[in-house]
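Chain naming follows the written order as A, B, C, D, E and F, and within any one chain the residues start at number 1.
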Amino acid sequence: MGIHTYFQSLNDLERIIRCPGKFKFQEHSVSAHSWKVVQYAKTLADIEESNGVAVDWKKLYEITSSHDYGEIFIGDIKTPVKHYSLELRAMLQQVEEGMVAHFIDENIPEEFKAIFRRQLREGKDDTVEGLILEVADKLDQIYEAFGELQRGNAEKEFVIMYRTALIKIKGIKLHCVDYFLDRILPDMVSEGSKSPIDIARITDEALSSVEAHSQK
Amino acid sequence: MGIHTYFQSLNDLERIIRCPGKFKFQEHSVSAHSWKVVQYAKTLADIEESNGVAVDWKKLYEITSSHDYGEIFIGDIKTPVKHYSLELRAMLQQVEEGMVAHFIDENIPEEFKAIFRRQLREGKDDTVEGLILEVADKLDQIYEAFGELQRGNAEKEFVIMYRTALIKIKGIKLHCVDYFLDRILPDMVSEGSKSPIDIARITDEALSSVEAHSQK
Amino acid sequence: MGIHTYFQSLNDLERIIRCPGKFKFQEHSVSAHSWKVVQYAKTLADIEESNGVAVDWKKLYEITSSHDYGEIFIGDIKTPVKHYSLELRAMLQQVEEGMVAHFIDENIPEEFKAIFRRQLREGKDDTVEGLILEVADKLDQIYEAFGELQRGNAEKEFVIMYRTALIKIKGIKLHCVDYFLDRILPDMVSEGSKSPIDIARITDEALSSVEAHSQK
Amino acid sequence: MGIHTYFQSLNDLERIIRCPGKFKFQEHSVSAHSWKVVQYAKTLADIEESNGVAVDWKKLYEITSSHDYGEIFIGDIKTPVKHYSLELRAMLQQVEEGMVAHFIDENIPEEFKAIFRRQLREGKDDTVEGLILEVADKLDQIYEAFGELQRGNAEKEFVIMYRTALIKIKGIKLHCVDYFLDRILPDMVSEGSKSPIDIARITDEALSSVEAHSQK
Amino acid sequence: MGIHTYFQSLNDLERIIRCPGKFKFQEHSVSAHSWKVVQYAKTLADIEESNGVAVDWKKLYEITSSHDYGEIFIGDIKTPVKHYSLELRAMLQQVEEGMVAHFIDENIPEEFKAIFRRQLREGKDDTVEGLILEVADKLDQIYEAFGELQRGNAEKEFVIMYRTALIKIKGIKLHCVDYFLDRILPDMVSEGSKSPIDIARITDEALSSVEAHSQK
Amino acid sequence: MGIHTYFQSLNDLERIIRCPGKFKFQEHSVSAHSWKVVQYAKTLADIEESNGVAVDWKKLYEITSSHDYGEIFIGDIKTPVKHYSLELRAMLQQVEEGMVAHFIDENIPEEFKAIFRRQLREGKDDTVEGLILEVADKLDQIYEAFGELQRGNAEKEFVIMYRTALIKIKGIKLHCVDYFLDRILPDMVSEGSKSPIDIARITDEALSSVEAHSQK
């Protein structure tokens, strides 16, 4: 009942750990992930603006900060499950949206219902803000996986996470993607060069992959 | 490749925490839960046997010990998600079974494939062993929720978990269910009487509920 | 060197726990706190806008998301230390700013230096955005303390944190403060009524306190 | 009083961490260990059956699932202590059995006392089931140690644990031991080949050791 | 080999958690316990001195700081095990002493062997320093148990721990024991008066108990 | 009020983690650190005594065991902050001392006030005991950093911590420093030789550095 219920619920995302099951050196909560996505997106949008692209900051604020709120209701469902079939993925998204809609109906005061519906919608559309969110979200998967590979974690899941996110990002046409590939990624690969895992090779293979266009 | 991959994978269930997101005094991993289900089922089956019911111990062993193995692939999906619609539930079960089948195809040697397919199937059928597994699995939800209610954890989720599991159990026709309701549950309620939460009232309401027959 | 160093550094805030030393039921990292401040501020700004106040969303985005970034360098210094003397507080803020400035000089590429300097400045000024940040930051102290008081944590530090933050908020002239006091706080107090700690009384005392104006 | 006390007590084994004191990348609770022993034993027994050996599944179920229940009373006593002298070892086992017997006397209803005494007895006898339990228990020490060696943990304790368990297993005459040595262990060693620790050499030395027969 | 091995080994006591198995709000490592015993003993000795008793500070330093070092070798064996029989207790102490002696033989340079043998001996003799160590060690059990009782932890083990330690202390003839009973304990009981557990009653029962003289 | 408040407060140091923010394989609480400093200091003082130096054991006991008690009030402030300017450092020390003095005024009974003021003073003066405390405190930084470097933790902060502490120690004129450099450090470096980080080189560079005299 009321905004209090919403504010109170934010705490739950501190207790949902991403990528459950696999051995990892660093655990990340959904709320810490969400904050990092907000931070990346801000810098990515700065890069767009410095290239003359107009950014709707209010929209970017709304969609980045809330993009995983729905996990309060469905948890951090493993990526392979989400991607098992387009049909399942659609159904899971429908369930998440249904639960969020139900939460708004039950808890949010009439005068804010429209605002919350807009904010808690799926934000990854084809606008520049939606694309920045997509890049920022994948960027955190890259940093999450990199943090493991860098420390020698040999779980295949992190190689796949790193590789898949990189392929996804490189397929998005934004100035900030060029900047990331040209100016940020080389520093990351260089920092990872002391790892027993060959991060440079994994990176090169992902960058030269042609899967980018066929992936959703 | 090989049984090693299977044995090695068991570790992952130590890192999947049940009921993610909600505040709790005690965390339970899927592997600890699995062990407790094995233990409860053993005593429940002893009660059945002492009432003259024949128990297939090999089958009971197989289905109780492996009943959550599939969570390695799909994680601990929140109960409300699983129960959101019969359609989604069926699809999630299908995905889990598909992933388990794929794992067996890829990793288990030819001569053990049939055994693993039988062991890692969904065990909750209408045989006495399948029903015992159902009771044991719900019993652990009861103990998990009780451990929180007893310590004053006011999260609604644990009241619902306790109540739903109790209603489910009471609808199953087994001697061990009678024993649980008559001889075990009163001790539990009595132990919980010092809690600020009125466990006796929640228990009575669940036991007098008529939802039992309409629930699956 | 480069934006990579900045992105990489964000991880460190997941490992700084707020309010070190005191017994608590829930631990909060600085990054989880930062995300919650971003979320509260968004809704607080929505309330301002619905009252006809213009909000600079880009500025609000920048100052809320980065407001505790400096803790990477100085850690979460205990509030009583910060408030021990105005002189020490000023000096600590100067050190933090010096370290942030040094980090930008060393790591941020020339073309982004001005942007980072603006974003990582102290954001709590007298503009509507600065005041919203102040309210949102204190709101999270209220929720942090409430989560402990609600569960019966008798550490005096959380009573002080709750009380001080409430007094601070009530002294700020914003529509969202009125909304919080009239519509959100009563729900919180009502939810806390089962606690052995008398949250309603602590709240009433804070609200009727006259310290608000004399405090900075 | 009653089965409830027994069911409730199972939780305690989730809070006893194996191999206390030594640095490790992964912690294992006694309950997670117990579940893995149940799982290994099931597959080991399948291998025996496929070689024409009759397995008493009820007995195997009972002795594997409960084999460390006594640690609730005495904790996870360090292996070197247990093996310090035959006299101490016998006395510790006597204490554990005395405490288990006392627990059954006090808590288990008359009609189940005999069943619990049988289930909670020391299960490692010379029957095929007792030997399978011994292999499964040592197998988990191997996996526990392997998980550390594989990640470069240089604590000597894990080399000793791996080596001692391997020597113990190889001295047991079971088809499943042959299968483990021929078909599972090579995969494990191969997976561990990227570790800075020479797992292959440690394995070879253990396998060619002649201590097996002199050890109990 | 050498003092390095000894210094390095101290880390292990940070990873041995006291009172394993039981639910607790606060975990305590053996090293944190050791430090608190050192601190209590210092104040207890100050009280003795202020009553004209001569204290050998070097001896007190040696025996308090090292009193649980042997747990590196045998772990934190549960109190009920230690007290199961005088015979077992003697044997466990013998094993611990044997392992410590072996460690000194192997690792400590010749010129320090005598010093280490003296420091790592059992310090609880009938001298004033030995008695202060006994009081300080039990005092930490009281604080450990009090921290649980105060927060409503209903595990019987903590009532027993509190009660047994109090009875033990009150039987020791030292000025600091009088001071503790007259001046410190009442403040503790008063602080605990808000707990749902009746700490005052448990305290009174322990203080009026006549077991003190029959206990060792 | 009273010694109880002081004894109770010791618990808080178990919950303050040293070196917050940076990734580490092992976390150390302030209380575990304090205990290790007590232990090192004991052996360092033994070395002094064996070289004919008189040691005031009571003073050494007091200053080593309490040397970080003030962190209860100010937390574990990051070393770079403390060293940012001599002015800030002086002010922070003044605040800590002020808070300790206030605590003693409020809580410690009249007859012990003088004792507590002496014990909780800054102990690092130029007496042999003050210098031993300085060496012991830095020695724990060396072990803390070594534990990370040894396991391949590439965070620069630990190289700096190791190096700075070593330079500081080598500048102190004590027999135990000679012993450490000649007899303990070589064993440590030798144990660390398997690390991917070149600990020997870092050590050599620190030992041949000439910064020692210019540093405070």
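Rule of thumb we're sticking to: a residue touches a chain if its C-beta (ideal position, glycine included) is under 8 Å from a C-beta of that chain, and two chains touch if they have at least 3 such contacts.
As the structure is a prediction and not an experimental result, all values here were calculated from the model.
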| task | Could you name all chains that are in contact with chain B and with chain C at the same time? | result | A, E
| query | Just curious, how far off is chain D from chain A if you go by their C-alpha centres, in Å? | reply | 42
| field | chain A and chain F, separation of their C-alpha mean positions in angstrom | value | 42
| note | Note: chain D sits from chain C at a C-alpha centroid distance in Å of 51
| said: Distance between chain E and chain F based on Cα centroids, please, to the nearest Å. | reply: 25
| remark: chain B residues touching 2+ other chains are 11, 13, 23, 26, 152, 196
| note | The chain pairs that touch are A-B, A-C, A-D, A-F, B-C, B-D, B-E, C-E, C-F, D-E, D-F, E-F
| request: Would you pull the chain D residues touching chain B in the complex into a rising list? | output: 1-8, 10-11, 13-14, 26, 28-29, 31-32, 34-36, 38-40, 42-43, 46, 50, 55, 57-58, 60-62, 65-66, 109, 111-112, 115, 119, 139, 143, 147, 183-185, 187-188, 191
| request: Enumerate the contact residues on chain B facing chain A in the complex. | output: 11-13, 15-17, 20-23, 71-78, 80-81, 84-85, 87-88, 91-92, 95, 98-99
| request: Over in the complex, which chain D residues touch chain F? Could you list them? | output: 23, 152, 154, 196
| message | Which residues of chain C touch chain B once you look at their complex with the stated criterion? | response | 25-26, 150-152, 194, 196
